[in-house]
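Chain lettering (A, B, C and D) follows the sequence in which the chains are written, and residue indices restart at 1 in each chain.
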Amino acid sequence: MAEQQAKWLSCAEGGAGSEPGSLVRFARLEQLLDWGRANSLWPLTLGLACCAIEMMAAGAARFDLARFGAEVFRPSPRQADVMIVAGTVNWKMAGPIKTLYDQMLEPKWVIAFGNCAISGGPFVFPGQYAVVEGVDKLFPVDVHVPGCPPRPEALIEGILELEQKITGTRRWPRVKTA
Amino acid sequence: MNELIEQLKSAYAVLVVPARADTQAAAVPAVVQPTDPERRGCHLEVTVTPAVVVDAAQVANRFGFAIDTITGIDWPEAGQMEVVYDFFHPQHRLHLVVRTRVPRDAPALPTIQDVFPGANWHERETHDFFGIKFIGHPDLTPLLLPEDADYHPLRKDFTNVSRSSN
Amino acid sequence: MSPGHPTDSSVSAAAPRETFVLNVGPQHPATHGVLRLKLTMDGEYVLHAEPVIGYAHRMHEKMGENRTYVQFLPNPSRIDYLSAMHYMHAYVCVVERALGIEVPPRAEYIRVITSELNRIASHLVWFGAFLLDLGAFTPLLYAFDDREKILDLLEAVTGSRLTYCYYRFGGLCNDVDEQFIEGTRAFVKHMRGRLGMYHKLVTENLILRKRLEGIGVISAELCRKYGATGPVLRGSGVPCDVRKLEPYSVYPEFEFDVPHFAEGDCMARYKVRMEEIAQSLRIIEQAIAKLPPGPVMAEKVPRVIKPPPGDYYFAVEAARGRFAIRLVSDGTEVPYRLKLRTPSFSNLALFGEAARGLLMQDALALLGSLDLVIPDVDR
Amino acid sequence: MILPEPYRLIAYLVGALAFVGLNAAYLVWLERKVAARFQRRPGPTEVGPAGLLQPIADGLKLLGKQFVVWPHADRVLFRLAPAFVLAPALMCLAVIPFGHALCARDFNLGLLLVFAFGSVNVLAILLGGWASRNKYSVIAAARVVSQNVAYEIPMLLVVTTLLLTAGTMNLRELVQQQAGGVWNWNLVKVWVNPLMPVLFLIFYVCMLAETNRAPFDMAEAESELVAGAFTEYAGMGFGLFFMAEYANIVVGASVATVLFLGGWHSPVGVMPGTFWFLVKLYALVFSVMWVRWTFPRTQFYRLLNLSWKLLIPAGLGALLFTALILKLR
């Protein structure tokens, strides 16, 4: 454990928050905060289409997102940390979803869950008039989880991937394997 | 069952647009045509002129039909748009189709939403997709398309709307 | 009973009341997706409710005119992803009707088994989500637990957890194995026990009964005027089920009841769906017992699907009600027009009228009891 | 031995803050674990052993989250509300005797103080909801006020009834009266007042309602009002509301323990008193969680009906009945 912790700390050293020449360094504090953020990713309750059911399944007993502390689905964007865009976004929804993104407070992240959110998925064809071809056209996306719909395991992997993006290392503490 | 169909037939047979002196239009009777439900999925097809769709809906209402759906079909070669009203019966195995055709350049026909309030959304949707105007409809703002949509995507000559990808 | 509504003439005769518009959605936990409700409220009473839809419009009908019959196969399962099997069933059946293909009996039986499994899965999701609307969280997880068992069975056969693309024009893409049959048998037994538990845990709960009984009454006449079908119509006392009324596939060969309750309130719709799970189990049991051997694919299916010109219509009983496809063919490889009649659309249409005068809390319970899938409304 | 006043108060301040903080943090953890067990899933496991670091991660996250006061919100009240909601709960803990000698302020009117400060909680949620200027929040705030006003009355009626037989408002003395075995606890003292179990039941229901817990969670009716009165709060503002909810549960459960369950008195005679106090306290807290994860939410008007039409008449009846018994005895 201690060894891993040391590794985790050294990994994130020189990452965000520690500028080389600055007098005051808050790297350790930043790392601590990042650890907290990574382990407490509260998603926004935002189900758009098919993928939302798999998102619900990921929170249900079999897959249990709660193990990683990410099961606290908040209906209010103010309290959510990560927006899981689960499903197709069309141009009518583009405005509201952008508002939701703006209403979320920093630090915030976005997971594009499913092909529709990544690129428009199966609904893209020449002459299509409704679908936004990828939510990264609307706001920055941190993790893409492909699939139509992706399996719940894929969402868990997406969350772990996002944690890695936040802390700079693949999850501490390690996930126990069965 | 069969007698119900017969009654329906006779009810629709009298649906005639009366001849009007000011337009020289002749009286047009409704065309009632029984169809094979195994092959086509409906029992009775009634073709009427747009002027009597409300009466046609009233007959369906009198016989206890429920509104199934309303849709449009675009026939650019014929220069027409077809509006198809589907009615199903909640108690009997009976499916009724009422068809009417409107000119493509000025598609308009009366609304049946006073007979079937459920037609409100179906007509709005048909207006969204085909641009068919339902006269007397309280609110024809786009239902499924964005509120400011001015295109009718299910018309055969529809091409992609220009969409700035911001 | 709920207290007197302000729409009563006795109350509204007083000084004009101040109303406000509450915007529920498109992102709101009670709308199960991207439905938006514009509620004109007087305090907590809903004076006028206007659903605003279209936030999940995905051009399925336009796509129908853009792709060949085979290319459109994955689409129906994405319209109502919770009852994907039924939607696939309607689509392949309408094309089979146009082409005049006879489907081998084994394929029909397997279609019925998978469809009914899918219906149970869909009702389980509704059960969980509805209870979540009412503020009980735990039943959701129990329901999803049971649903995973169905998903495992279907995944082994179809390769997909949610959006199955299993039926083909003329049959199925592959046969089921012994494991599936055994697993389904075991599931039927398991689910019967669980249903008893659900009734003990939820149906008999006093708070739940008080929240549902007499709330959100929808009359049979209202259903007829709006074309509402499925459990909503059956919850208003009309035993209308496409499986019985316009039998398709091999449904006439099974014994099952059409549960219907005359009360028309949220509890009636709740009971209809719970009873339907039991009836679906009955159908599955019979279908497995009678499952004939043989091929699962018709022999004379043309390589290129070109239905003769004409207008074809096919309706099935999906988990939410009557799903119908109107296919207009012009004899080419691409449908000329593919109209999808989705049950949620009509079921939601009556919400505005049914919710008038209810408390907001009860209106949202009514909304939950309609069992909406928003992409099914918006297509 | 009881420490002199100033030391006791300093010890209380530090202790109460730590107690409330840890309680809030670990009751959240417990709630998540308990809920998970009810739902046949593991709950938080990966963040620290058995997910024990989960509340710390949540706390850090909330601390590091941006806090914004919306331009349309009431700037002062919006900031004040979270503080208002937590402070009264801290005050209440001052008079609660956790053990024979573990009471920050042995106060003659202890019970009065608990109820006086306990009611401020409502004001804070009202302020929070009002200051947010969000329709959902305002609806929730209005609900909370009428709910808490309605349930304060039966609760006070029950307590008054109890005071008739006890004759003191000092919480320590109340506990001392219940010394000498389980049968002396107020809950089972039916020979003094045959209505004691009923009183406890009313008190328990009122406690659930006062702390806005399911099935009476109108303040945060998630599936209707988004996040209720807290919809616009983010970061630690929301965190404080969260902490206050658990602090209020602890206060409510403590008062119930003191009034009905014999306070620090051990049912079997082993282990120190504080241990037993906490056992009773957490058993009650657990039951509160159990209720939450089992029942659906009630309707709002039914909630008010329950209080005005059932609990208040029942409370009044119990009060009259008890007065009669005492007079006749």
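Of note:
Following the convention adopted for this analysis, contacts are C-beta pairs under 8 Å (C-beta built on N, C-alpha and C of every residue); 3 or more make two chains touch, one makes a residue touch a chain.
These numbers were taken from a predicted model, which means no experiment stands behind them.
Taking A-D and A-B together, the chain pair joined by more C-beta contacts is A-D. Taking each chain's centre as the mean of its C-alpha atoms, the one that lies farthest from the centre of chain D is B.
Put simply, the chain closest to the centre of the protein, by Cα centroids, is C. Taking each chain's centre as the mean of its C-alpha atoms, chain A lies 35 Å from chain D.
One simple way to say how far apart two chains are is to compare their mean CA positions; for chain B and chain D this gives 62 Å.
Annotation: 47 Å between the Cα-based centres of chain A and chain B. Centres computed as Cα averages put chain A at a distance of 31 Å from chain C.
For chain D, the set of residues that touch two or more other chains comprises 39-41, 222, 226.
Across the assembly, chain A contributes 60-62, 75, 92, 127-130 as residues in contact with two or more other chains. Along chain B, residues 145-146, 153 each make contact with two or more other chains.
Contact annotation for chain pairs lists A-B, A-C, A-D, B-C, C-D, with touch applied as defined. Partner chain C is touched in their complex by these residues of chain A: 44-50, 52-54, 56-57, 60-62, 75, 77, 87-88, 90, 92-93, 96-97, 100, 122-123, 125, 127-131, 148-149, 151. In the complex of the two chains, the chain D residues touching chain A come out as 32, 36, 39-48, 51, 53-54, 56-61, 63-68, 222, 226-227, 230-235, 238. Remark: chain C residues 26-29, 32-34, 54-59, 62-63, 66-67, 74-75, 78, 81-82, 125, 140-142, 144-145, 147-148, 161-163, 374-375 touch chain A in the complex. Residue ranges of chain D in contact with chain C, taken from their complex: 35, 38-41, 135-136, 139, 214-215, 217, 221-224, 226, 293-302. Every residue of chain B that touches chain C in the complex is listed here, in rising order: 37-42, 64-69, 71, 73-74, 84, 86, 88, 90-93, 95, 97, 116-118, 120-121, 129, 142-146, 153-154.
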